[in-house]
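Chain IDs A, B and C follow the sequence of writing; residue 1 opens each chain.
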Amino acid sequence: MSSTAILSVTGLSKAFGGLLAVNQISFDVHRGEIVGLIGPNGSGKTTLLNLISGALAPTQGSVRLRRRELTGLPPHRIARAGISRSFQLVRVLPSLTALENVMVGATFGPDAVWGAEAAAIARALLERVGLGGRENAMPEAMTYIDQKRIELARALAADPQVLLLDEWLAGLNPTELRIGIALIESLHAEGRTILMVEHVMDAIRSLCDRCVVMNAGSKLAEGSPEQVLSNHEVIAAYLGDDHA
Amino acid sequence: MLTAILVASVLLGGAYALMAMGLTLQYGVARIMNLATGETLMGAAFGSFWLFTAMQLSPLLSLLFIVPLAFAINWAIYRWLLTPLVRRAKNQGMLEVDSILATFGLLFVIEGAMLAGFGGNYYSYSFLAEPVTLLGHSFGLNRVVAFGVAALMALALYLGLNRTRYGTAIRAVAVDPVAAGLVAIDVPRAAAFAFALGGALTACGGSLLSMFLTFNASMGVVFTMKALIIVIMGGVGDPRGAVIAAFLLALVETVVAALVDPGLTLAATYLLFVLTLLFRPQGLMGRRT
Amino acid sequence: MIFPMQRREVIAVVASTAALALLAGLPLADDGFWLALAISIASYVAMATAWALFSGPTNYVSLATAAFFGSGAYVVSALAETAPWPVVLVAAALVGALLALATGLATLRLSGVYFVIFSFGLAELIRQLVTYYQTQVTGSVGRYIFVTISASEIYWQLLGLCAIALFTGWAIQRSRLGFALRVIGDDETVAAHSGIDTARVKVLLFCISGALIALVGAVMAPRFTYIEPQIAYNPMVSFQVVIMALLGGSKRLWGPLVGVIPFVLLHEWIAGRFPNHTHLLLGMVFLLVVYFVPQGVSGWLEKAWRRIRGESA
């Protein structure tokens, strides 16, 4: 199995002053796999994504993409190496149109396509995430889910080897949630590799091949969604000890 | 030689510390990077000069007028000039740009007023100019007295910030204005107060410096640079760091002036700045994240 | 959209070429007051446009214009008697770019505040260094500049620099660099995570801007005849460039152009009527601009234009 690992995280730690937000985390993500990263609020999931994407430098440990060492590289180098991400609090570019927002990913990503070609990629992706015909809309005038769609399309426009999603499904209503899950499922079907932080249990069950569970910065469990979600320690971490 | 330099830099560092504590209050609590801080300083220097030469008022007594006046003026500046910017800013970045621009304009207004009143000439006056001997070297009594007053003011500020209720509130705003608002601290008022207090401290530093320095209306930029660099070196919003950095800067300046060339003190200041940026951008006291 | 040239752009290019040709004829009509005024306007148009190339999209307020301007002028005083004029100009541009590079490398990796602080004292720093060098090494502060360049020639060179600055801005807007700048202006975090080397983009742009301003300093140097640090590194230059660019609006390429002309006229008037209060009054005008025209005149004009055309904002 480990021969096909695309992303390897080894002994990764991050301290904020005295707080160990991420503590000795190790796991692999394999090609074509969706791995869920779950855990209670404040357990260090976003910080872990920040360490992988280069937003933060780790205190210890390493991140590798295939065999390439990414530890300590600045975010733009990591993005060009083939890792794209979305943000927990959606970040669209307010002065750019929807189409231009998505083109950013293609233009500055690993393939560095420019001009009409980037526009074509962006147009196709807007269509794909359900925003066909909205190319010239300004993101500030769009709904929350549409902004999230733009962000996803922007990440996909880089044609990344690994896609990092930070609670991309959070804040959607039930209908939107179904659409969102179907969208990610279609990415899975085309063979994308995804590491997603998620709280929505239905989504985790239906989408993830494997889950890594974090609690207070440490890895608590790893395995299939059924396995980890029935694990006593995991239940205790989420709900408190008396429920275990 | 070495002790002479050390003592001289400690004496100079006192006034620097006041001006830097003033700026760190304005920047750390009120979140205004005040580019006119050097002009506040020079304004106070000219005030002391004028009161001394025209009214024969000792600069130590003139502090009693100048410091409260500076407090009032800075309060007004914050209320009428800066609050509208705070209100219209959609985010911290916009406020930063706007306040830089506004205080940059203010700099020219104050400098212009001083130029109109005093022209571009250099000024100094002779007050307590007799020498005193410290550790075997002689220094102007005015420098020693200025240091003593600065030390008293710094101590008063320290006690005020750490031992009083309102001081704690101000420190809370420095750490997190949103959270401070949630615990019923009147943040706009605390910011205005900190800005005014900062201006008063800076003015006090200016009056003290005027006792032993030669100055002119266009020198504000240099002092603003010094204050800014001390604040960055000490860690924004941290008066203790500002004090330490002020003495460090005074030491470096005194060494360069004594051993290399007095014309290179600003270059020495910049060198210190660049070293800070390269090795400790979070400041001497700041924690590395 | 960004790529193929639109009709509007073609019209703009044709119109500005025609305007340039027309303006180039000015010295034929008058070589006294009006030419002097035109030189002043052209030099500030070039500088304010160059300033806005960097500070407009990045929102990093550069207060260092005088440092670049003065250094360009000093290159002339050092080289003009020994090297041919084009070489002098290239050297001035290089010095400006290197100064920007050093400033950028020291500060632009970090937050914008450090950049502002560094740029704030830069002119004064270099002024002191030049003074130190001149007193220690050459033995005299100040130099005469013996270059035989007529006012008309200076004016034509400045027009050329204006054209270069505007063309550079236009070319950047159409390029990946310009696209990267817009992203950086919106959200640096997203820019970095999309693969943009934000520090490098900013440093590159600041170098271009610095080189252009140093060129203006070099071209203007012969106007001074006698050059000393106090004159070359005059902080008023930094101040005026910022206010002009703001008044016109730094978010649009043609913004600074709109700001320069009224401000130069106003400055002439104030300096004539209130010679002792120029500083004070210009400071007040600056504040008025910051408070009441935050988007610049070009922002207003664009809004008004849209309304006339019946489009909603």
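In the analysis below, a residue touches a chain if its C-beta (ideal position, glycine included) is under 8 Å from a C-beta of that chain, and two chains touch if they have at least 3 such contacts.
Worth saying up front: this structure is predicted, and the values here are computed from it rather than measured.
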- line: Ranked by contact pairs, first place goes to B-C
- request: Farthest from subunit C by Cα centre, which chain is it? Let me know.
  value: A
Query: Whole-Å distance, subunit A centre to subunit C centre, using C-alpha means?
result: 43
Field: subunit B and subunit C, separation of their C-alpha mean positions in angstrom
entry: 32
- prompt: Where the CA atoms of subunit A average out and where those of subunit B average out, how many Å apart are those spots?
  reply: 47
Query: Can you list the residues on subunit B that touch subunit C in the complex?
result: 33, 35, 81, 84, 88, 93, 96-98, 100-102, 104-113, 115-116, 218, 221-222, 224-225, 228-229, 232, 261, 263-264, 266-267, 269-270, 273-274, 277-278, 281
Residues on subunit C engaged by subunit A in the complex (per definition of touch): 1-3, 176, 179-180, 182-183, 185-187, 189-198
- prompt: Inside the complex, what are the residues of subunit C that reach subunit B?
  reply: 59, 61, 63, 106-107, 110, 112-114, 116-118, 120-121, 124-125, 128-129, 131-132, 135-136, 235, 239, 242-243, 246, 276-284, 286-287, 290-291, 294
Task: Provide the residue numbers of subunit A that touch subunit C in the complex, in ascending order.
output: 53-55, 74-76, 79-80, 84-85, 87, 91, 93-96, 100, 103-105, 107-110, 112, 114-116, 119, 154, 158
